[in-house]
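Before anything else, here is the set of structures, which you'll find just below.
The same chain A turns up in both complexes below, where it pairs with chain B and then with chain C.
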Partner chain A sequence: MADITQTRVQATTRTTTRKRIRWDHIADHAILIAGALLMLVPVYMVFATSSWDPITIHREGMQFGFGDRLAENYDAALFEYGGFTDSVNGMTMLANSLILGLGFAIGKIIVGMMAAYAIVYFRLKFATLAFWMIFTTLLLPLEVRILPSYEVISWMNLGNTYTGLIVPLIASATATFFFRQFFRSVPEELIEAARIDGAGPVKFFIDILVPLSKTMIAAMFIIMFVFGWNQYLWPTLITTDESLFTLVRGIRQIVQSYADGSETPDYGQAAALAIIAMTPPVLIVVFFQSWFVKGLTESDK
Partner chain B sequence: MAQVTLNKVRKVYPNGAEALEPSTFTIPDGELCVLVGPSGCGKSTMLRMVAGLEDVTEGEISIGDRVVNDIDPADRNIAMVFQNYALYPHMTVARNMGYGLKNRGMDKGQIAEKVREAAQMLNLTEFLDRKPSQLSGGQRQRVAMGRAIVREPDLFLFDEPLSNLDAKLRNQMRIEIRALQRRLGTTAMYVTHDQVEAMTMADRIIVLSNGHIEQIGTPAEIYSNPASTFVAAFMGAPPMNLLNAEAGQGRVTLPGGEIVPQAGVNGHAGAVTVGIRPEDVMPSPQGDLTFNVDIIEELGAQRLLHGQMAGQAFSVAVPKDQEAATGEMRLALKPGAVHLFDADEGRRLG
Partner chain C sequence: MKRAAFGHIGFPILLLLPQLAIIAIFFYWPAAYAVESSFYLQDPFGFGETFVGFDNYTRLTNSTNYINALNFTVVFTLLVTFFSLGIALLLAVKADKVIRGAKTYRTLLMWVYAIAPPVAGLIGVMLFDQSRGTITQVLASFGYDFRLGVNYWDTAAAMITVSVWKQIPVNFIFFLSGLQAIPRSVREAAMIDNRSGTSRFWDITFPLLAPTGFFLLIINITYSLFDTFGIVDTIVKGEPGNNPLTLVYRVYVDGFRGGDLGGSSAQSVVLMILVLILTIVQFRFLERRIHYT
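So, the complex of A and B:
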């Protein structure tokens, strides 16, 4: 123990005293910086572009510098009603995206936790089979089964509803899988102590398992929220009513008008909308990142 | 308060392993009974069946005058303390202790009162608002004890509660648990693999080996009259010396030809095992037995001399004020020092 501490101290002093430039480090950093630029420059360009008028963008393409239409573009993107029916503005779409993201994340966590609870803690006849069947659905994301899912939803008359938008997305195994792994790592004695303490299955779940899973739930929430928020294909397919459009869907709608040949698409507004669409997931990740890391790495049980 | 009775209780795990052969015994009300034996001998299995965490394959378990085989653990009115504490990590000490009461529908004020009382008894008052992760091992173990006593159960069950503590704390907690159990007068079953714990804490010891009961008795009985070579070797530190010998013509002879004094043979003839505790012999020039000392181990209060007798390993404990040197010496036996066992099955003879 003492040895280890000592070597560690030596190691740190060595790195702080010798500030020689290490060439392999420069290479590492160059790669990292290149990667970061690759990710960030497009975002910056969209942001810069969102401050220009549509004519300039149409003529000269994406912009590096800032124009003078920043406020107008964002105002229009958020509050100006558009679409064929003039029934949707940015705020509506923001709300819809939020409902989709939250509904998807919360629904998925609830379903996933309960399924994992059943599989891990109850002696079900076909628990393993059930688990592997659920697990296989990891290989079948919505995009693979999109046509049958569409059939089912329209047969149930759930097109153009939030239910139709959210529920089919929930049916997959990621959350179940993660919660199962987590529950299996909860010590057996804890369950036994709770049994002796008179906690039945429901009490054990609510009083013990859910609080223990707190960080795991937070991590799942972030992943699932962003995943739901970014859905494009399914909402496009299932919502034709413009008042149900999500942000991601709305961006397409603006650009679409160009293809329709009706007018010059408002690229500035589209760019503004893209930035608006990016913001909530980024905020959530920034605010919850410590929870996020904890949930995926911590084993404080 | 209740007595515990096991009647021909047997356990076979679903994989076919027989963890416990049919066992029968009664623990009288208020006693602390220690189940002791090497790891894997079935101690936890027995305890967990009494707790209701494991199904009983055959036989009957009663707590008080109630057969509990089909009663849920929560309704057996027992409390259990686990080796790794099994505290709820997200609850404060107070909530940990009160959780069982809350589930039984007791009102908040009463719970708080009971928790406060238990905390006082266990010196935990200042830690009531802490989480288990902010406590030391010994304090966590106390909280686990507190969780058990607030319930005022008929029976305490301990499964190696001190194994995760360091030696000093273990001694201290051992005494505390014993005192607490005495004070409350609650019947207790205590599982350990540590024979010192068993000897010091028990009113009654049950020695288990390989799924069957080797012996039941008070610590003194087990020490002075071990029922088998297993018990003889397992209980007592340093362990009893066991020597192969030959019985015949009314006496017991070691391989070298020396005769073991005091050994009553009871007409038994053939191979036997002679058991002699290291502390039951003393160096003496007139002694009957020859002992070759190889190594001297200083323990402070006493010295252990390890060596050979009649070509077999043998140890002797001498008080610290007695000089000792390697080489040959003669040993005399204290009265009642010789235990005789059957050579094949290890059963006690006579």
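So, the complex of A and C:
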């Protein structure tokens, strides 16, 4: 009898604990779902809005459901020429964003890897000095020295050129620092073995170090591409020629047409352009997630 | 430097040359130029400049615009840092705990990282628009009249909300990787010693996350100071007016709109000093961080 009561008591406690734990789990999931919705809903609304005609949006604001203008709005955002000079459309801006993102990422990785290789693998007297000179650049973001940088660029006649757009952004040492950390963790036996086999510095770099750094390069590339693609202040200052506008730079024009209020801006097209501007970097981050997280958590340290 | 390093001289210099040339021209030159021009007053019509010593700096301390921007930046930075760190920490702790759907949650919570600040700002403008904004309409049904671009603190609230939203993913990623770095043995020991989830969090997890938290604190301050430019610019629609502005935005407005190279440069120098202080703090801490791991 006593035994039976005990088992029953145990059974009830077990079910209650199980129930309690389950409630716990539900609360956890509820918080996570709320967080996910907080991230998703605003962007979803922009996407839904991009399928409506300007009059509906002007009257009712952003939309939750889909309208029938999806194809037209994206077609107009991508292919219809606009701006003051009618010389720019979504495709031009898309191409410019790609040039900026790729040019920045590739340029930075090449320059950074070369410098890091020189600092880590050579007996240079001024290696420490060079390192500190490069390292100091990590301290001051471009935003801080924006006006003098602009003056230097205009003095060099590099305004409204891809060089003026990309190269000053490369003038910080995140990639150098990142690759320096990585090269230092490469086992010393490798270079010893390579030297015994008679490999010179160029051969060692290209045949051993670069293949070894593949994951690091991929991780860095994703971070840098997104960073370059999303640049705003510098492109705004340096490109006044509309044919050099990037998508993110183009967003400024949209917002200003909101501010002017002289005519009803085409909200549907604006929303479509915003979606186009965010799609490539978002896809890259989502699909190459593990590389992205690796690059982010290891480059900022 | 590696023990078995190469002994060449010319080749490594060749390797370093591109990096050094770029930073010399696009970093050291502008930085030095900023310091120099902060001591000069430019003629508005482009006829030379006169040395004015620290006048540009004293002018800043007397400028209401600048003091306002300074005050707002402090409030803005504190609020953005607090909320984005707090929300991200909560989400990271939960994402670390759940088993089912962990990967999906991770993706859903971090993808906003890839959205550019001005695009986030544009979404903010659409949500908070004075007449059509979705959130404005929700607030109106509660009887609050939200006036973006008219009411100072309404505009500030929109700016802060968007900036927090945009920064949650970065903090989430770092907190989650910090949590996952806590050894299994420590977690299991804590589970045996302390059954309450809340006190286990504050006694074990939180102190172990402190290094990540401190590092993120610096990252978030830098983010609020500099990277929010695109958000501020889109939310005020490029019209400074009486809107709340951050210090970096002031540098831009005074330098490019006002044509005040000296004053803008002095502001740049003040920001440089601020960043230097932050970096020194970060470094002192980074040395300690090595002890932790």
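Points worth noting:
Basically, the second predicted complex is superposed on the first by the 252 of 301 C-alpha atoms of A that agree within 3 Å, B and C clash if a C-alpha of one lies under 4 Å from a C-alpha of the other, contacts with A are read in each partner's own complex, and residues count from 1 in each chain.
To be clear about the criterion, a contact is a pair of C-beta atoms (placed from the backbone, for glycine too) under 8 Å apart; a residue touches a chain by one contact, two chains touch by 3 or more.
On a predicted model such as this, the values are computed, not experimentally measured, just so you know.
Overlay on chain A: chain B and chain C fit together in the combined arrangement. Once chain A of one complex is fitted onto chain A of the other, the partner contacts of A:Gly65 are absent, as it touches neither chain B nor chain C.
Within the superposed three-chain model, A:Lys203 lies in touch with chain B and out of touch with chain C [touch as defined at top].
Look at A:Pro211: by the touch rule set out above, it reaches chain B but stays clear of chain C.
In the superposition on chain A, A:Arg195 makes contact with both chain B and chain C. Greater residue coverage of chain A by touch, when chain B is weighed against chain C, goes to C. Between chain B and chain C, the smallest C-alpha to C-alpha distance in the superposed model amounts to 6 Å. Residues 192, 195, 300-301 of chain A lie in contact with chain B in one complex and with chain C in the other.
Contact residues on chain A toward chain B in their complex (touch as defined above): 187, 189-190, 192-199, 203, 207-208, 211-212, 214, 300-301. Chain contact summary for the complex, chain A toward chain C: residues 24-25, 28-29, 31-32, 35-36, 38-40, 42-43, 45-46, 49, 57-62, 110-112, 114-115, 117-124, 127, 130, 133-134, 137-141, 143-152, 167-168, 170-173, 176, 184, 188, 191-192, 195, 201-202, 204, 226, 229-233, 237, 248, 251-252, 254-256, 258-259, 267, 270-271, 274, 277-278, 281-282, 284-286, 289, 293, 296-297, 300-301. Per the touch definition, chain C reaches chain A in the complex via residues 1-9, 11-13, 15-16, 18-20, 22-23, 25-27, 29-31, 33-34, 37, 87, 90-91, 94-95, 97-98, 101, 105-119, 121-123, 125-127, 129, 132-134, 137, 165, 168-170, 173-174, 177, 197, 215, 219, 222, 226-227, 229-230, 233-234, 237-239, 248, 251-252, 255-256, 261, 264-265, 268, 271-272, 275-276, 279.
Per the touch definition, chain B reaches chain A in the complex via residues 51, 53, 72-74, 78-80, 82-84, 86-90, 99-100, 103-104, 133, 147.
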